[in-house]
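Structure first, commentary second.
Naming follows writing order (A, B, C and D), and every chain is counted from residue 1.
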Amino acid sequence: MAPILDINKLYKNYGATEILKDINISIEPGDFLVLVGPSGCGKSTLLNCIAGLEEITGGTLSIGGNDMTHVSPKDRDIAMVFQSYALYPTMTVAKNITFGMKVRGVDQATQDAKLKEVAQLLQIEPLLNRRPSQLSGGQRQRVAMGRALVRDPKLFLFDEPLSNLDAKLRVEMRTEIKKLHQTLDASIVYVTHDQIEAMTLATKIVVLKGGVVQQIGTPAEIYNNPANLFVADFMGSPAMNLIPAQAHKNGAGTQIAIARDSGETLVLNDARDLALPKDVILGLRPEDIAEAGFRAGDGVQEAECLVDMVEPAGADTYVVSELGGKQVTARLHAETSAQAGKMLNLAFDMSKVSYFAQETGERLN
Amino acid sequence: MSEWLENHLPKVVLAPSFIAVLIFVYGFIGWTAWVSLTRSKLLPKYEIKGFIQYERLFDSPRWDTAINNLYIFGALFIVIAMVLGLLLAILLDQKIRVEGAIRTIYLYPMALSMIVTGTAWKWILNPGLGIESMVQGWGFTNFEFDWLVNPDYAIYTIVMAAIWQSSGFVMALFLAGLRSVDGEIIKAAQVDGIPTWRIYTAIIIPSMAPIFLSAFIVLAHLAIKSFDLVIALTGGGPGYATDLPATYMYAMAFSRGDIGQAASSAMIMMLVVFAIVVPYLYSELRAKND
Amino acid sequence: MTDLSMPQSQTEPRSQSAVGKVALRWLLYVLLGLFALYYLMPLFVMLTTSLKSLEEIRTGSLISLPREVSFDAWKTAWSGACTGIQCEGLRPYFWNSVLIAVPAVAISTLLGALNGYVVAHWRFKGANIIFSLMLFGCFIPFQVVLLPMARLLGMMGIAGTIPGLIFVHVIYGLGFTTLFFRNYYVTIPSELTKAARVDGAGFLRIFWSIFLPLSLPIIVVTVIWQFTQIWNDFLFGVSFSQAGTQPVTVALNNIVNSTTGVKEYNVDMAAAIIAGLPTLLVYVVAGKYFIRGLTAGSVKG
Amino acid sequence: MKRFAFATVSTLAVVAGSSVLAGPQAEVLHWWTSGGEAKSVAVLQEEFAANGGSWTDMPVAGGGGDAAMTALRARVLSGNAPTAVQLKGPAIQEWYEEGVLADISSVAEAEGWADVLPASIAGHMKCEGTWCAAPVNVHRVDWIWANADVLAANGIEMPTTWDEFNAAADKLQAAGVIPLAHGGQAWQDATVFETVVLGIGGPEFFQKALVDLDPEALTSDTMVQVFDQMRTLRGYVDENFSGRDWNLATAMVMNGEAAFQIMGDWAKGEFLAAGKKPGEDFLCASTPGDGYLYNVDSFAMFDVEGDDKKAGQDLLAKLIVAPNFQKVFNLNKGSIPARTDVALDDFDICANLSAEDMGSTSDAGSLLPSYAHGMALRGSQSGAITDVVTAHFNSDMSSADAVQQLAAAVANSY
């Protein structure tokens, strides 16, 4: 089966400024692709290019196997949900949802049937005769989705649809979108700057920065094997610990030395045979540093560290310690006895460590 | 074909207006520039004779008066109309019971042309007929208000009538601005115990900067175009003490049959407009482009 | 935001503040009243004069109330005053003005709306320059364009006709109408256009179904502005009309301005008020929406 | 002009749409719009209609014809000129030089205009030897009007020299009467000015200064004296004169507030309208000094296409100068006929005086064109002079300065 969306060597310039550079993305039917990155990374522009709302400067783009590079939005068989919802203010909810069909000359009976179906699905039947100004944020969000769903397109595009909602509603709607994706088996491209949204929703994530793709992969790949320092830092909360260290070949494995302001150098051993340069950045997620005795495995190594700060967070307690000139966060269980200013024995899971080159930030292992 | 049309429709829609403006504004400005270099009298002629018309213009004491009047009139009119407009807007913004009626009263002069109201103003300002004689009739025999007939002050009566006509519109602009200021900021200021007048001077008025700009432009354009007003009120007199560039130009072109001279004065006027409007356009488009 | 004095008054002794508040309130109304007098004065003079007899105007004070109210002058102005060899008052010219103003307002408003829509939401290369050039057109003194315009109207074969006058008014109204609509439309989020495009609507469909229904406030502003300008225009009216197409302002001028004839001030004033009635009416009826439209449009909060 | 012929024809079709028959046609642009003036023109329209013509009225009032001239320029430039236009003085020749006037010599010769019109007036109607305009009337400009009762009460005779006038004015001022009713509008200032030039300098000086624009005359001592007298007159005017319409000044004379007014004979219409009788309630006399300043209204015919329009022009020209119209029109308007062979029995004493003086001054060579009313000079020159006159009258400019400025302004006006 042909990929539902295939972007090939896409470039986008505004005058002399390059907004997107050499973008290559391809997704299969039923994929949920999330474009994630900090603001200004070009993710919304890329979405607009997919929608045909922006002309692309170079490259090709096909949807459902058809070349759509220069096709106008209305002929791309897509539907889009916007950050501000972009509901037509003078139309009722029902008219908002059926506007697209009306424009396309769909007969009234079909319109009514589809409207009913979608209204049911999204539970917005009581709202159909209201105007957007009479709706709450969450309701508007549903209507906006309804407007997209009713079209039954090949590809759904979502442009930061949850960012205008409050925290609780955002989580609810997130779940709902995920459910919809599963029930409809729809193909979706979804833009967000929220890495948690990306992780929870995506079947495939594209991390963008400065108009360049940093990494494409499943959420697990992105999380566990970030392709560079940027991805490592951007994805996950609290962020991955990135610690300057020195690597030495040590028999079959690698010896890692981390300088400490207080006390002697911390020396850890990675059993993996890695060809590393001397100066590296060691990346380790907070959950891969545990209190000694709570984590076991081949790669686990223990070391005494001075606790600078203890931050209870309900389910977990975060402990911060200085390593290699950085504040390193460890995620401990809630009942830990760690106390600020005291030494604590920590267990480092060296099998999970990522190494990055100090100069380029690229992943080394 | 239809694909092309769909893609280019915006340009196609804008094109007729643009072409019209190109011809009927810029073409005509060009025409005027050309004629200003000729010795056209009763009807335009197209044989270029150099800058003689500009020399004549700058030699004319009447033109000097007209330009000076434009400065006085323009500055006073714009400043006072703005201050008054703002003041009225603030007064009207205090939950006035009959706001609708008062607002209409302030606004209506904009609806009437000066051909209509000029005569009434002439009478009101005339010392023998209007305010002066009325107040003297009340027993204040020393009361004097003879600006209309005093060559040194007549221009100020033009300012008065012009303000009468336009300040209501400025008031409307400012009132609209006041109504659109975010209420939360004001509540916050009130909670902080800031006095009302400080709230206006420190918070509300500064946030209306764009309206000041719009009001300025509308007023500046009225000031430069002011014509009916002068004709109806003073006819340029006493003497030619209240002549403005627009009336000067009209007199030259249509009662004197000196079209070349009129064209050169028009070009100078246009330069003044240009100097005012271009910075505005620049800032306007800069600000709203993002 | 209007009731600014409320929270403060709670911090002061009650009675004192209440007195001060009432006094302030009175002062406010007195001020507003005084300004209202200033604005009403000319209208008052015109009204009273129009109700006096010519004899009373010659002998009495010009700004006193009429001793005897007479509507003869109004009747004369409407249907009897001479505007040349015809003495039919303003009536026949009124209709000319309507024929000129209504289409000219409608066309310039519609074009302004389309132009504003393009400039605000379909920006293409050079759109801003085009817009600036159009805006500058607002500021051209009309005396400048009279002669070349006359020539072009002649070449187009519409000199002296009502279509010719409509044409002129539309051309020189475009700058302002475009400005009004553009400033209003830039406040409408561009996502709305995008959503509609994805929904399959084209340029005109989006304008018709989405922008036009949203435009009522700014249409009111534009119509008021244009109607006032066109109805009150004298310069174009006198230059580009001929016998039979002269607008009401030219007729008014013919009644009011006599070089060597006897002046009937009461008729002059009555004629002036009659000629101004449509615009006055528009302001009185639609004034409220005018302010509202300005709030919605050119001013962003 | 040929280029625009098709446009002209098509627009004319619109105008002419109302009358299907191709009788004589005329669209007449004039600025006689109100009261007596309009009724006077209506007389012409009736005669025109009685002769089978159809008249389209195109009145444009304002500014002594300024607005009408604006409209005329626009009409001519658009190739859609009116058939006949109220034009006067050198403006006729100016328009002729633009090549847009029609030749009506055939009518003039058939009707023998040359025999019935005074030579100087006929001169205004000719362009390079051909007849191009038809005179309607003769207004005398150098009139002084007085309230008979006020003069009698103060024991004053109508003044015949400016010194007498000044003496009378001083007397009146002492008695608490405003000596001179005047409206401070540029053209009224100019009207007074030219009568002073005529009175102090005499007809020859007037010709040199205000017709030939001789620099020597303009800067002469006589001219300084003229400005001195203007300054003196300024002292006789009440302080509210600025911007006052001429008819309000006339009203001041009528109700005894003021004694004199210097104004053309249209002021008579205002007296008559108020029911005053010449010779009894008000007096008329020529301003101090010799000579006669005339202001002749006339119609010029513009080049138009179409036989019906040309026929209209000929008919119109014929009727305008014909004795009947000359008489009826001028009875209405307060002026006197341009042709000298009309019986004046029905006219009042002021008109008779005017006609008498016209005859005698014509013979004496002191029948002169009024500069203030656009009879003597082209627009730019007369305008330049008026600028100085009105600036002097409305400020404290010295007479010496005024004379200098006058010469400079005239030099700068070509």
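Operating definition for what follows: a contact is a pair of C-beta atoms (placed from the backbone, for glycine too) under 8 Å apart; a residue touches a chain by one contact, two chains touch by 3 or more.
Here the structure is a predicted model, which means the values were calculated and not measured.
Undergrad: Which contact partners do subunit A and subunit B have in common?
TA: In this structure, the chains that contact subunit B and also subunit A are C.
Undergrad: Where the centre means the average of the CA atoms, what chain is farthest from subunit A?
TA: D
Undergrad: Count the C-beta pairs in contact for C-D and for A-C, then report the pair with the higher count.
TA: Ranking C-D and A-C by C-beta contacts puts C-D first.
Undergrad: What whole-Å value do you get for the distance between subunit C and subunit D if each is reduced to the mean of its CA atoms?
TA: Centres of subunit C and subunit D (C-alpha means) sit 38 Å apart.
Undergrad: Rounded to the nearest whole Å, what is the centre-to-centre distance of subunit A and subunit C, using the mean of the C-alpha atoms as each centre?
TA: 56
Undergrad: Using Cα averages as centroids, what's the distance between subunit B and subunit D in whole Å?
TA: 36
Undergrad: If you average the CA atoms of subunit B and of subunit C, how many Å lie between those two points?
TA: Each chain's C-alpha centroid was found; their separation is 15 Å.
Undergrad: Would you give the residues of subunit D that are in contact with at least 2 other chains, written as numbers and ranges?
TA: Answer for subunit D, listing residues that touch two or more other chains: 63, 67, 70, 73, 76-77.
Undergrad: Subunit A: which residues touch two or more other chains?
TA: Subunit A, residues with two or more chain partners: 72.
Undergrad: Counting only residues that touch at least two other chains, what does the list for subunit B look like?
TA: Counting only residues that touch two or more other chains, subunit B contributes 6, 44, 129, 250, 253.
Undergrad: Considering only the defined contacts, which subunit A positions touch subunit C in the complex?
TA: Those in contact with subunit C are residues 48, 51-53, 72-74, 78-80, 82-84, 86-91, 99-100, 103-104, 147, 151, 157, 159.
Undergrad: Quick one: which bits of subunit B touch subunit D in the complex? Just the residue numbers, please.
TA: Residues in contact with subunit D: 41-44, 56, 59-62, 122, 126-129, 146, 148-151, 154, 231, 233-241, 250-258, 261.
Undergrad: Which residues of subunit C touch subunit D in their complex?
TA: 58-59, 81-87, 146-147, 149-151, 153-161, 235, 238-244, 246, 250, 253-264
Undergrad: In their complex, what parts of subunit C are in touch with subunit A?
TA: 189, 191-192, 194-202, 205, 209-210, 213-214
Undergrad: Can you check the complex and tell me which residues of subunit C touch subunit B?
TA: 1-8, 11, 28-29, 31-32, 35-36, 38-43, 45-46, 49, 61-63, 111, 114-115, 118-119, 122, 124, 127-128, 130-149, 152, 171-172, 174-175, 178, 186, 202-204, 228, 232-235, 249, 252-253, 256, 265, 268-269, 272-273, 275-276, 279-280, 282-284, 287-288, 290-292, 294-295, 298-301
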